[in-house]
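A, B and C label the chains in the order they appear, each numbered from 1.
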């Protein structure tokens, strides 16, 4: 049963997942060559100073890529389902609706974490090869909110796609956009870290919104 | 035992009442056709039965459970054919089989492949690149391999040519012949239903009428006559439907020939050679419901 | 069950988004952010004078007795601060109390220190790596060193930026020099001024694990370490080092208890600024020095406290300027009415995110009840079903935010 759902999600995801993976690796390579160029062409101690004391984030090109990744994966999984309301097929399967949605979410988030995880490792390695450990460690705290934005974008995208009513779609889009925009507040390494313990609670709230949209998708007819 | 039980069902859409106080039952083993003109809420009713629409009021029980919140165990016993033969187009034939197999303990892959193999397509062929007819075979294969107790088919004939329609009917016939299987079907090709169903539901202006097929074809009658008169028959208690082609008139009625003739002359219609003609289900449907 | 929870989640998110964006948007449109008042001690009047913003570049100038002045009069009351005016109008030398000051004297005796909470190390995100500038009398400007240091439990480590590797020679030299003076690794406070935009370099003041404060400099690439003798029992929160040509003090020390000290040249004696009720983590500290007086000001949410001191930092006059209440206008009442609370992530005191919920005043309660009334009226008129308890609770807890949310996210019919 679970393997059937995984098969279905994988078939929908595979091409776009490959696409976002290439995109993520591409931006990581750009970051690598940009930093290498800076270090080679300028005094490395000045680059360090910019990073450490002026809080210049040298990998900020990556900022919106987790969000894009999340949105693309959500679209890859759920656009084929809502075209001609094809998800009715899955909704009729002998499986609880929320479990069905949860399995889709887990699959999508797994591929999201693979794409974004590879990027984090690449950016970390890039930073580690030119900067002291303390600076490269901040990759994790600085990227945290961006990755969270990607997860929320993924879940929010799903909730909006499944919601049948247009006005409510718009309202959801506004609410989710405002909340996701918070993840991009502030500048510098780990700016958001003190808020992260609170912000992660948005994930279950967003997940429940997907369940809500799923229920409405099923019960609001053709 | 009733497979479907509908009590005082009402539904509103955008502030408009689609129906009010609709009640009917479908007993186990019956093969039912739902007939109604476009816009009478046929799709809405099927959607409610299939569990994809929560009715505004009343109860709709399918296999004893509320249709909009069926348990997985009950869903397992229901085969659904969605309008337009919905299938996951990104899957191949083999992947489709593999996908469904995981959900149904009684899954019969032989039935699936025996239906699908008739098309002679390789199993790695994508559903998305099939014709509508080919896709309908895949969907039929899926439903039959599930071995459901209840089949709900929403306009199975849509987009199918005569050959595929016939193929579909053949399979449905075999299914209907099995012990205790129930079918609830809608089709816009009324003629096909005549070969399949034993019970008919007419849905018209928010009311539902149930009748046996033979009973209906026996009691509802088609009369043909010629007339040059300016006066055209009017529908009333006795005359249920009127059709006209040049000077040839067709009227429908539950009453016998004498009563109809008498009623027509009472209306001032000049009647020549009135006789009872053979009536198909489609004729009867038009006669009862009208053309538009 | 999940149906109820999932709709509630949606309502909560909608209320959160609204309480975050709407008050901020309101303030942006209305322009509610007022500038800080400025408080000075006038050597002419021997009184405190202040400038308060009315918004839109309009100001009030007044003294502690409430006497108002125009801008020119105000500036004339602060001749050391506005000495450029004296220069332009050829009013130099300045004579106050029989003492005469020429331009050179005024310039040489002026200094201002301003420390905001967001500069305190606990209130900002700091990567613990610092450049230690090399003092070489032959080089006029301060070049950036090719390395940065960190203090570990084992020593003072220098990492070379060219190779991104530890410079073992420098590391050994400095670690040994520190150990020689009795430094107990690791460090609890590391304070310096990591910029080369300063007249000269005084290196770092580092508080070790035992509370001792050391002054560490790099002279001709060799360590120069002084054990300052600053009381190790002092609970130092942070030290803000600021090199100034006057060379009166190296910088300012804040303790966790809110004491303020200056570290004087060259004996490292601590000069106490005699102010009470100071919280370095939420209040601004300013010290204005002129040829006659030193004025310390501390601004908090409630107002600004000023203490005038003589050249020996003995206070002789003080004044508290209460912050004029912006919260009572009709605009503020309207804001409270419609927007009962606000979620914020930024703080004036912190250079990092600080999630917080700010609530409105009594008008917010009125707003909540009006929203409730509107909700029930709306329900009577448009919906046949009875009011949902959950919706009622959401409106009760969040006023108009909740009202909007339950209207847009109406329950299933």
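The definition used in the following text is that a contact is a pair of C-beta atoms (placed from the backbone, for glycine too) under 8 Å apart; a residue touches a chain by one contact, two chains touch by 3 or more.
Please read all numbers here as calculations on a predicted model, not as lab measurements.
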| item | value |
| --- | --- |
| Topology of the chain contact graph, where touching chains are joined (line, ring, star, complete, other) | line |
| Centroid comparison with chain C (C-alpha atoms), farthest chain | B |
| Chain closest to the middle [Cα centroid of all protein chains] | A |
| Cα-centroid distance, chain B relative to chain C, in whole angstrom | 76 |
| Centre-to-centre distance between chain B and chain A (centres being mean Cα positions), rounded to whole Å | 46 |
| Centroid distance [mean C-alpha coordinates] between chain C and chain A, Å | 35 |
| Where chain B touches two or more other chains at once, by residue number | 54 |
| Multi-chain contact residues (two or more partners), chain C | 412 |
| Sites on chain A at which at least two other chains make contact | 219 |
| Residues of chain C defined as touching chain A within the complex | 2-3, 5-10, 12-14, 16-17, 20-21, 125, 127-129, 131, 144-148, 150, 159, 161-162, 164, 194-195, 345-346, 351-355, 408-409, 412 |
| Parts of chain B lying in touch with chain A, wherever the complex brings them together | 43-44, 47-48, 50-54, 68, 72-73, 75-76, 78, 80, 82-84, 86-91, 95, 98-104 |
| Residues of chain A defined as touching chain C within the complex | 43-49, 51-53, 55, 98, 129-132, 134-135, 138, 167-168, 171-172, 174-176, 178-179, 182, 185-186, 188-195, 198-199, 202, 204-206, 208-209, 211-212, 215-216, 219 |
| For the chain A and chain B complex, residues of the former touching the latter | 1-4, 7-8, 11-12, 80, 84-86, 88-89, 91-96, 218-222 |
